[in-house]
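In the two assemblies presented below, subunit A is common to both, partnered first by subunit B and then by subunit C.
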Partner chain A sequence: MTAAVEFQNVSRHFGTVKAVDGVDLTIAEGSFFAMLGPSGSGKTTCLRLISGFEKPTGGAIRIFGEDVSSVPPHLRNVNTVFQDYALFPHMNVRDNVAYGLMVKGMGRAQRHAKAEEMLALVKLDGYGDRKPAQLSGGQRQRVALARALVNEPRVLLLDEPLGALDLKLREAMQDELKALQHKLGLTFVFVTHDQHEALSMADHLAVFNEGKIAQIGTPQDIYDRPATRFVADFVGSSNVLPPELTRALGGPAQWASLRPEATRLATSGPVTGTVTALRYLGSGTRVVIRAGETEIAALVPAGQPVPAEGATTAIAFDPQALHLMGAA
Partner chain B sequence: MSHSAVLPARSLADRLTGTFWRRPGLLLALLILPPLLWLGVVYLGSLFALLLQSFYSIDEFSGVVKEEFTLKTYAELFRAQNLDIILRTVLMAAAVTLACAVLAFPIAYFAARYAKGGWKAAFYLGVMLPLWSSYLVKVYAWKLILAKEGVLTWAAEGTGTGFLIDGLLTIPGLEGSSLSTSPFGTFLVFVYIWLPYMILPMQAALERVPTSMLEASADLGATRGQTFRTVILPLAMPGVIAGSIFTFSLTLGDYIIPQIVGNSSRFIGLAVYQLQGTAGNIPLAAAFAVVPIVIMLIYLTLAKRAGAFDAL
Partner chain C sequence: MHSDRPSLLLKITAIGGLLFLHLPILFIFLYAFTTEERTYQFPPPGLTLKWFSVAWFDRPDIWPPLYLSLKVAAIATVLAMILGTLAAAAMSRARFFGRDQLSLLIILPIALPGVITGMSLRSAFGIMDIPFSTWTIVLGHATFCIVIVYNNAVARMRRLSGGIMEASADLGANAFQTFRYVLLPNLGSALLAGGMLAFALSFDEVIVTTFTAGQQSTLPIWMLNELVRPRQRPVTNVVAIVVFAATFVPILIAYYLTRGGSETAGMGK
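Let's look at the complex of A and B:
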C-alpha cells in the first residue's frame, strides 16, 4: 500500500520547546488516521506540518512520496477542516465552498455547480444562500467539510473536528464522517484529545505524549495492549498497576494494565482492599477498591452481589488479561 | 446562627438591588435617561436648530435673519464660488482619506497581527502620543517644516532632490512658492493630523480576523494577494469605513489647517467660520454645515451598497 503521509525523524522546536521531537510516522493511503494526545502533546503541530503551516526544524515529510519541505500550503494538495471552521463570514455558504475553485480561476457557473454538489454530499442542499452566521454549529462544520473537499484533496486533515459539538451531534457526525471517508476512499487524518472519538472512528491511531509518539497501532492494539503507562492512563479506563502490585498479584515486577471487565471481586486472595466508591452503570456496577496507594476498578455484572462501601474485598482476575508494559 | 432560607436585607443597597431585580426595566431606564437626555436634547436638538436656521434667509440690505421657511439659502450653495468651496473640500477630504487608508493599513496590520507585548505598547504610544499634544502646535510645526527655509527644503537641497519639490509645486492646482503655501502642504498636514483616527479602527477590525481564516484561505489554494483581496480587505472594510468617517468628516469640517498651511483658498469649515463670524450670515453658514452631513450620508449609503458592512 502507498504511504499517503510519511514523517521521517521530524522535529519542530520552538526555541527550547520541543513541540514535535523526532517523530516517525507512516499513514497508509485510504486510512482514517487519528492523532490522539493531551493538549501540548504535539498532535496539532504534526497536523500543521502536513498542511504546511509549520515548517519542520528537522527531518523530512513526504506526501504521496513527494518531499514537501519547501512546498507552501497553497500548493499542497491537502485540505484542512479547521477547529473553529474558519468560514469566511462575509461570503455565503456557496461562495465559501466554492472558494478553493474561485482562487484557481474556475468560472462562476461551474464552481457554483460544483459547490452545490459538495453541499449535497454533506446534506446541506438548499443552504447555499445563507451566511455562516445563520447556521448551527453542526451545519457550519459540514460547510467546512464541503469547502475542504471541493478541491479534491489527496489527504483531508481535520483539527478537533467534533470538539465544538454537543454529545448527540458528535456521535451522529462520527458515523457520518466515517461513512463519508468510506465513500470517497480518501485519507483522513484527524486530531483529537478524546480517546473515545479516536478509538471509535480511526482505523489506525498514534498516541502523542510530549512531542513524541508513545504508541501507534489499531484501536484494539492500543486499547488492549498499551505500550506504556502513559498510553494506558490516557486511552483506557484500564487499571494501571505499579510493579509491586503486579508482583503481589503473581506477575513479574513490571508496570501492568488490567481492564475493569477482567477484574473480579473475591473473598480471599493475595491483594485485598477497601471499597471506596460504587457507580451504578446499568449493565453493571463499577466498584473502586483501594489497595495500598493504588485504586483498582472492577466491573461487577448486573445480577451479581455488590459489596457495600467500606467493605474489605480481595481482587481476582483472568491471568491472560494482565498486560505488561513499559514505565514511560 | 440563622438557617433561614431568606437572608434579611442589611442596608438600603440590599433593598435597592432587590427592587431592581424585581423590576429590571427600572434600572435600565435610570441608566439610559442621562445619556438619552444629552443625546436627544443637547446633541440632536442643537443639530435640528442648525438645520432650522439653514431654511431661513438673510435680508441682503439690513443683514437681519428673516425667520421664514425658504430654500433660497440652499440655492445660494449652488453659486459658482460656493460650489467651488464644496468641490475643493470634498476632493481634499477624499484625497486625505485615501492617503490615510494607504498609510494606515500596513501599520494597523503589523500592530494587529505581529506586535506583541512591548511592541504593542510602543505602537499604541506611537499612534496616540501625537493626539495628546496641542493641535495648533503641530500645525505650526508643520508650517515650519514645509516652509521655504524649512527642514524639508534644506534636506532636499542637501541631497540634490530639490527638483522634486520644485516639480511638485508646478503641478496645476498645487502651485505655491513653497510646500507650506501649496495645497499639497495642506494635504500633508491633514494626513498627519488625522492618521491616528484611521489607524485605530482599522487595527481593531484587523485584530478580529482570526489567523485560522488566513490559513484556511492559503489551505484552499489562495496566494497571498488573493487572500488579501478576498479575505483580509473585506473583513477589514468596516474598520476602514469607520476610519474614513473620521478622516473624511474631520477634513470636511476643519477650518484651522487651511488657514495656516496652504494658499488660503476656502474650505467648507473656513466658509462656515467666516459666514457666522465676520459676515454674520447664519443661515448660509448653517446650510454649509449641512453639506458634510449630506455628503457623509451619501458616502455611507454607497459603502453599504458596495457591501462594506457585510462582514459585520
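Let's look at the complex of A and C:
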C-alpha cells in the first residue's frame, strides 16, 4: 500500500527558529492520523507543509508518491478544515460548500446538488440558504467539513477542528468525525493539543516536541509505552518515575513510567509515601501519593478499601507494567 | 447620590456648542432666499426663489467651474480607488523591513497641511515645466483621496478573517479567482465608501487647488471669488446648497455602508 503522506527528513526553519526539524513521517492511506503536541511544537507547521501553505527548507514531501515540494496549495488534492473554519462570510452555506466546485468550473445546478448532498452528510440539510453568521459554532464546523469534503480530497487535513467547541459538542463531534472517516475511507490528518482527543480518535499519532517527533505509534503504544519523559509528561496519564525511584522499586536507574491502573497500595514495601489527594471517579478512586519529590497516582478499583488523606502507604505494582524510557 | 442625568448647565452648553457649529449652515441656506443682493443683512428683508432661476438661466459662468470640479473629483476618485486598494492589499499581505514607515508615508498627505502639499506640488510642477491643467489639480487631489480609500480598505482587510484567502486557495482557487470571488465582495462596500468620501473631499477642496489650478476655477474657488463681488450674492448661496448636497449625500451613504460592513465581516471572531 502506498503511503498517503510521506515526510523525508523535512525541515522548515524560520531564520534561527526550527519550527520543523528533520521530521520523518509516513501516514498510511485510510488512516486517522493525529499530530499531538504543545503549541509551538511544529505540528501545525507540518499540517501547513502538507497543504502547501508552507514550503520545506529541507527534505522532501510526497503525497501518494508524488513529490509536491513545488506544487502550490490550489493544485494539491488535499483540503483543510481550518481552525477558525474560515467560512466565506458573504456567501450562504450552499455557495460556501460549492465553492471548490465552482472554481473548477462545474455548472450551477450540478454543484448545488453536490453541495446539498454534502450538507446532508454532515446533517445540515435545509441550512443551504443561511449565512455563516446565522449558524452556531458546531454548525459552522460542519459546513467547513462539508466544504472540504465536496472536493473529494485524497487527504483531509483538520487543524484543531474541535478546539472552539464546548465539551459536550466536542465529544459528539469526535464520534461523528470518526464515523465519517470510517464511512468515506479517507485519510484524515488532524492536529490537536488535546491528548485525550488524539488518543481516543486517532489510530496512529505522532507526538511533537520542539519541531521534532518525540514518538510515533498507536494510541496504545503512546499510552502504555511512552518513549521519552516528555511524551509521558505530555500524555499525562502515566506516573513518571525518576531514576532513583525506579531503582528503589527494584528496576535499573532509569526514567520509567507506570500507569495508575497498574499501581496498587500495599501495607509495606520499599517505597512509601503520604496520601495527598483523593478523587472519586465512579469506577474507582484515584489516590495521589507523595513519595519524596514525586507524586504517584494509583487507581483503587471500586469496592476496595481507600486510605484516608494524610495516611502513609506503600506502593506496589505489577513488574511488567513498569516501562523504562529515555530521559529526553 | 450620583445621578445619571446630565445637569442643566451641561445640557445648555452642549446645545450651545451644537448651535454654534451648525447654525451658520442654516444661514447659508436662508440667504439663498433673501431679496437683498449686496449685503447679508439680518433679518432678510424678504424671501424669494428668484436666485435659483438666476443661477440656472442667467449665470453661464457657474457651469465651467462645476464641470471642472465634477471632472477632477471623478478622475481623482477613480485613481484613488485603484492605487489605494492596491497599496492596502500590498500592506496587509506583505511583511517587510520598513513596512510601518511606508504605511506612515502613505497616510502622511492627509495629516500634512494643504498649504504644504500645495506649495510643494506647485514648485515641483514649476521645476519640471509642467503647465497647469486639469491633471495638475487631479494630482493634487489624488494625494489625499488615495489615503481615504487606503484607510478604508486597510481597516476592512484587518477585520476580514485572514483565513478566508487561504481557504479559497485550499479549495482550488487561483489568485485571480480568490480576488474575484472572495476579496472583492468583502472589500466592495469599504471601497465604495472610501470612493464616496474621496469624491466629496475632492469636490470642495480649496487650498491645494489654489496652488495647482493656475488660472482655472473649480467650483469652490469660483465661490470664493464670487463672495468678494458685490452683485447677486445670493447666487453663491444657491451654489453652496448644491455643493452641500453633492458632498453630504455621498458622505452619508459612505457612513451607512461602512457601518453595515461590521456584521458581515465580524463573523471570524
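Note that in this section the second predicted complex is superposed on the first by the 327 of 328 C-alpha atoms of A that agree within 3 Å, B and C clash if a C-alpha of one lies under 4 Å from a C-alpha of the other, contacts with A are read in each partner's own complex, and residues count from 1 in each chain.
Convention: contacts are C-beta pairs under 8 Å (C-beta built on N, C-alpha and C of every residue); 3 or more make two chains touch, one makes a residue touch a chain.
Source: prediction; values computed, not measured.
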Q) Put the two structures on top of each other at subunit A: do subunit B and subunit C fit, or clash? A) clash
Q: Give one of first, second, both or neither to describe whether A:Phe88 is in contact with subunit B, with subunit C, with both, or with none.
A: both
Q) Now for A:Ala133: first (subunit B), second (subunit C), both, or neither, which partner does it touch? A) second
Q: Return first, second, both or neither, reflecting whether A:Tyr99 touches subunit B, subunit C, both chains, or no partner chain.
A: both
Q: Quick one: classify A:Asn79 as touching subunit B (first), subunit C (second), both or neither.
A: both
(Q) Touch test for A:Lys168: subunit B only (first), subunit C only (second), both, or neither? (A) neither
(Q) Applying the stated clash rule to the superposed structures, which of 3-11, 129-137 or 165-173 from subunit B runs into subunit C? (A) 129-137
(Q) Considering only the contact definition stated at the top, list the common interface residues of subunit A for subunit B and subunit C. (A) 51, 53, 72-75, 79-80, 82-84, 86-90, 99-100, 102-104, 147-148, 151
Q: Spell out the part of subunit A that touches subunit B in their complex, as residue ranges.
A: 51-53, 72-75, 78-80, 82-84, 86-90, 99-100, 102-104, 147-148, 151
(Q) Give the list of subunit A residues in touch with subunit C in this complex. (A) 51, 53, 72-75, 79-80, 82-90, 99-100, 102-104, 131-133, 147-148, 151
**Q.** Parts of subunit C lying in touch with subunit A, wherever the complex brings them together
**A.** 160-161, 163-164, 166-174, 177, 181-182, 185-186, 263-269
**Q.** subunit A contact footprint on subunit B (complex, rising order)
**A.** 210, 212-213, 215-223, 226, 230-231, 234-235, 307, 310-311
